[in-house]
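This structure is in structure tokens; I'll ask about it shortly.
The first chain written gets the first letter, and so on, giving A, B, C and D; residue counts start at 1 in each chain.
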């Protein structure tokens, strides 16, 4: 089954590691009927309504049909205008005013007005719909948003009063104003998430068969069940969709930035890695994410090796220790475990060189990365044994623990290697415990595990704030599965989040990162990278560290084109 | 009368993991047009296998390895599959011992008879359909038009045997081979079947080769008898001649082992000691010598040929019963089958319409 | 009914009575039997739903736990539970479900928000059904044909080939067989033909897209039916009535079809019933490897993602299909073997 | 001339003289022994069982390598001098994993058939033989189990008990007996009408004896085929359950799990998928030879 970035965690649109572009614009374009890009998206999106999409393979569809206000620039250093021509922030950092493009149109030609944005965001923030990405990005930032979880979803009036209390307004057709509860330097990135999009009230209600109370979620989502009523403000629109088979996108003629060069994008939903690999090799796919087991096959193939490239991602993987299970509450024990994993061997042999070892938290290529901090967790079996002796813990004490593993082949392979490492280097027999995925989630939420992994993170937006809030005590049993006691860490992160200027915030985040590494809250093991095959005739593809694992460059398809071949 | 069937030195063997079973070891016999002959011998003497060889129905792992089977002027052993298919059921038909299992349990009786005819182009499907009921009536099955729709399990044993006979006669074959037709039936039904066969022979002129181990049956229906032992013919001749003066000790013992119900004589039935020989490891010389009370040294060395012992009577024996002194024979006294009894059986009145269908 | 007594004189005393009751009485008995069996489906379905419902709620993990990364906050989970009625007591949910099912409302899928389970299944089933029926049309002739030939030519080369094929068919799982087909008839064929042709490795289409999936789907059942037919035919070959059939001079085709096969059908038909049911409700493996947009995957996906309405709908669907398949088998028994009475 | 009548007993028995009578089981064993294929099958099964039992010993004396020792630098390679049958994705020796895999796969593959016969066989026999209401009730019960959600059941089972071989046994055995039950019932329904059964009933032999002596031998052919096909099916079911963490835990090998893991590297090292397949094929073949040999040996008609 498809593994989402091996660590089976959500890799979300995040930060730059320096975009790079394939081919050049100088190549001659192939005729119009060949301007088709065929990609394997892996799994069907759960819904075609971007506000309900939570995984990147879903967002790969959402981003092309609906365009948020802003989007990350190619270098991922800052945001750039998208649906909004420009935006300005009030001096107290509480009011964001987005100036919408006058020539922005919906796919059916109607102009996009500010009221559509208000309606779209309110649809997204409707508690009855329970969209996955509201919390914490929107309800904790937008004024009047914090009551999101206390709203009685059975009463329409309660929902309406909550939605009307939000700091969203449209002074005129081309200005969309968002008021925040507190200053948040990172809100520009929140506004670039694919979930923050405008919606057409008339289309939603027409699909629902007339106005409907905001508690009736089935009617609220009726428009999303039929590709024909998916009318977005994006570059593309959906021409046809067969569940579990394929989805075809064609250019939206009324897009403000001019119709894209590609005449058709076909997303296939092939969940079997071997089948997708065969489809690429029989010329039916234009790009492919190579499964680990086939990396050597590609490297040894004369043609394929030329088409393959390694794209580092901004995601870090680690082993999570449950502090409730003594002696895992002892930092020395956690350090010993982290120091007895040979990361070079793991990445070179087991992961076939597609990932890079890391001992620190923020991934390389993102603001805040600092490899020098990583020394305490460096691979050093002798030191690891000494740490155990110092902590008065024997290998037998550790042997009662189990390594909780999600049931994917990738996880099982990595964990069996790590379990063997602990056996070889510490003499501890920590058995691999493979468990059905849903059961794993329910166990880690209740803290019923010893060691769990490989766990990992890719930021929702390229700001350190989103990385460090994972390990706060508030997040215990929700993302912070280990609940390691970190004195002073919460205060440090809280202070860093609320200061505006980077020069003040970075040292604070660095101190927090050092604390994480030194006390081995988790055992960092590797930074992920994707080994992708891309046909030589795919020109102008801009690939960044935040793209979806299967679809490199899915942020900037406007200028991509197929050259003569 | 012209000879209908001539079997010349037939050899049929079974190639089993235990070795080669010589089931039929050089058998020669003939059947004339309209004649009724009996082929007798204990079970395992090769009589059934001889019959099956005539229709080339020898089951795996058996095969005909030598000799010829002449039917009028054609040699069955060299027929190709289509000729054999045309030959079976048309020129020569065969009915089997156990009526319980010889009919297809899942097809109606009428259809099983009809298909015997349509298999050979002699009757068009419409004619075939029309002949089914008369055939059933001819074999004395009451309410034929209703019974032909029944399935075999709705027929009694006797009724099924009659249906088999009707099936055999469907194409008016020149020869009907009946392999132990009455063994599985009780005595009263046996008599009906035998009478039926006698009538069919008389009315249709169908030659009958009756294969049985029941000497009384042979006496009552056959004109000539062939006695087989260990896969070969040991004696052959007209029935009354054989019954009056059997020359081969085996034939003699067989006749002595037939109990007579009507005659009260205190005498010991002669049962032949031992069992038929293992056809894989046959004894040297005369195959019967280990069980023969009158053997001489020669018998165990050399196998006697089938020599003329009387007009139209041959036997395969060095000693022959006429050379055995009376007292020796009497010592193994047994009830003889008086000639009159044989006649009496032969002239059994035709049973009128069988009252019920049992 | 064939006309009676053409020319032949009717047996004395027996009236040429048409058998009034027989055919229609059997027809009536049959209709009654089928009706009763359909009624019996109600209790069967009730227990199937009861068992599935209980197990579903006992299984660890909730539908809202995400496979990885950021989990839904407690408030959102609470909202979802209310939205889908999971906040009501279990027994009430069960009764509500029974009520809805009797009105053919199978509820909303948790996985694919806003889409009803029945719409999802109805739109996807034709793909699975096409594959299943085509595979079945391969299995019956190939399986029975191979089995009969292997039995008739026992211990010959053809018998050993059939035995070898059926063992291969069973000992290699179909995802490996499917992928080997893809490698050979997809990738290798593509390279050999210099990129002009290869069997399509994925997707559904009423064309050469069907070849590999149907063959992969049919491989194991064909192997099983072949061996079953061979064993059953071997038993029948030894029966006396087969020798009688040969003795009548029937052609080999007639002997095999009417006398041998008709008697060896019972075990074959018995196995074909459930086989058809499994085929028509889809194979998760074949549909994953060949990317067929059918319902095969829904069975497993529903359980792994704890999509309760989909779990119940797929289980009920299969239960109905297999109950009907077995009913057809029981009816066929009577037509195949007259001695078997309708219970 | 008068022949001396040998009043003494006849010539003493020569070996070529008369075949001796033998009891049923000795005859069955004798005919089974003569069936070359069946004997070959039995020998293979003994070898497999021995391998499964002695695998641990073989590692100690160094004849085969340690099945869980990883050589990650040699991940997913084909047969080589160091590793006769190649290595899996973590570089572990396939030959030794194949031999250790026999322990799980043979136990599951074969013993599960026992459960099928016990549950499925009995229900099928009783339903077929009794007929009427009993048959109807038993068959409706079977219909329920046809649609039994085994995956769900297994998840619940494992959440209560820890994952182990036993949970696999129960999971597989408790559901998949339905096919056999229907098959046996179908056979019994058509055979019980046969004449010899009626005659046995007429003689008044007990139902149990009738079922055992008449119905079972005649229904044996298809049952044996179903059981031999049940072996690989059970092996793969175990692998599917182990994949979702419900069966055996890594690094314990089983043939089905080896094929499943090998599937991921099917392009890199197809041999890793085929070797376990061959092992399963050999097991299945030997059991079908034994099955066929048993059926021929038991067949009343074949007995002389």
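Here, a contact is a pair of C-beta atoms (placed from the backbone, for glycine too) under 8 Å apart; a residue touches a chain by one contact, two chains touch by 3 or more.
Keep in mind it's a predicted model, so treat the numbers as computed, not measured.
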- Closest chain to the protein CA centroid? C
- Message: Taking each chain's centre as the mean of its CA atoms, which one is most distant from subunit C?
- Response: B
- Contact-richer chain pair [B-C vs A-C]: A-C
- Could you please state the distance in Å, as a whole number, between where the Cα atoms of subunit B are centred and where those of subunit D are centred? 47
- Note on the structure: When centres are defined as mean Cα positions, the distance from subunit A to subunit B in whole Å is 91
- Query: Distance from the CA centroid of subunit B to that of subunit C, rounded to the nearest Å?
  - Reply: 52
- Query: Once you find the CA centre of subunit A and the CA centre of subunit C, what distance in Å lies between them?
  - Reply: 42
- Task: Would you mind listing the residues of subunit B that make contact with two or more other chains?
- Result: 101, 105, 153
- Numbers and ranges of subunit A residues touching at least 2 other chains: 274, 436, 439
- Indicate the residues of subunit D shared as contacts by at least two other chains. 155, 159, 193-194, 244, 263, 266-267
- subunit A contacts subunit C in the complex at 4, 7-10, 12, 44, 46-47, 49, 52, 54, 127-128, 130-132, 134-136, 148-150, 153-154, 217-218, 220-222, 224-225, 242-246, 268-272, 274-276, 278-279, 281-284, 406, 436-439, 441-443, 445, 457, 460, 478-479
- Query: Mind pulling up the subunit D residues that touch subunit A in the complex?
  - Reply: 68, 70, 72-73, 75-76, 89-91, 155, 159, 242-246, 249-251, 261, 263-268
- Item | Residues of subunit B touching subunit C in the complex | 55, 57, 59-60, 85-90, 93-94, 96, 98, 101-107, 115-116, 119-120, 129-131, 133-134, 137, 142-146, 149, 151, 153, 164, 167
- Sites on subunit C touched by subunit D in the complex: 40-41, 43-44, 47-48, 51-52, 55-56, 58-60, 163, 167-168, 170-173, 175-176, 179-180, 183, 223-224, 227-228, 230-232, 234-235, 238, 266-267, 269-271, 273-274, 277, 300, 303-304, 311, 315-316, 318-319, 322-323, 326, 329-330, 333, 336-337, 339-341, 343
- Give every residue of subunit C touching subunit A within the complex, in rising order. 60-62, 65-80, 82-83, 108, 111-115, 119-120, 123-124, 179, 182-183, 186-187, 190, 195, 198, 200-204, 287-294, 297, 304-306
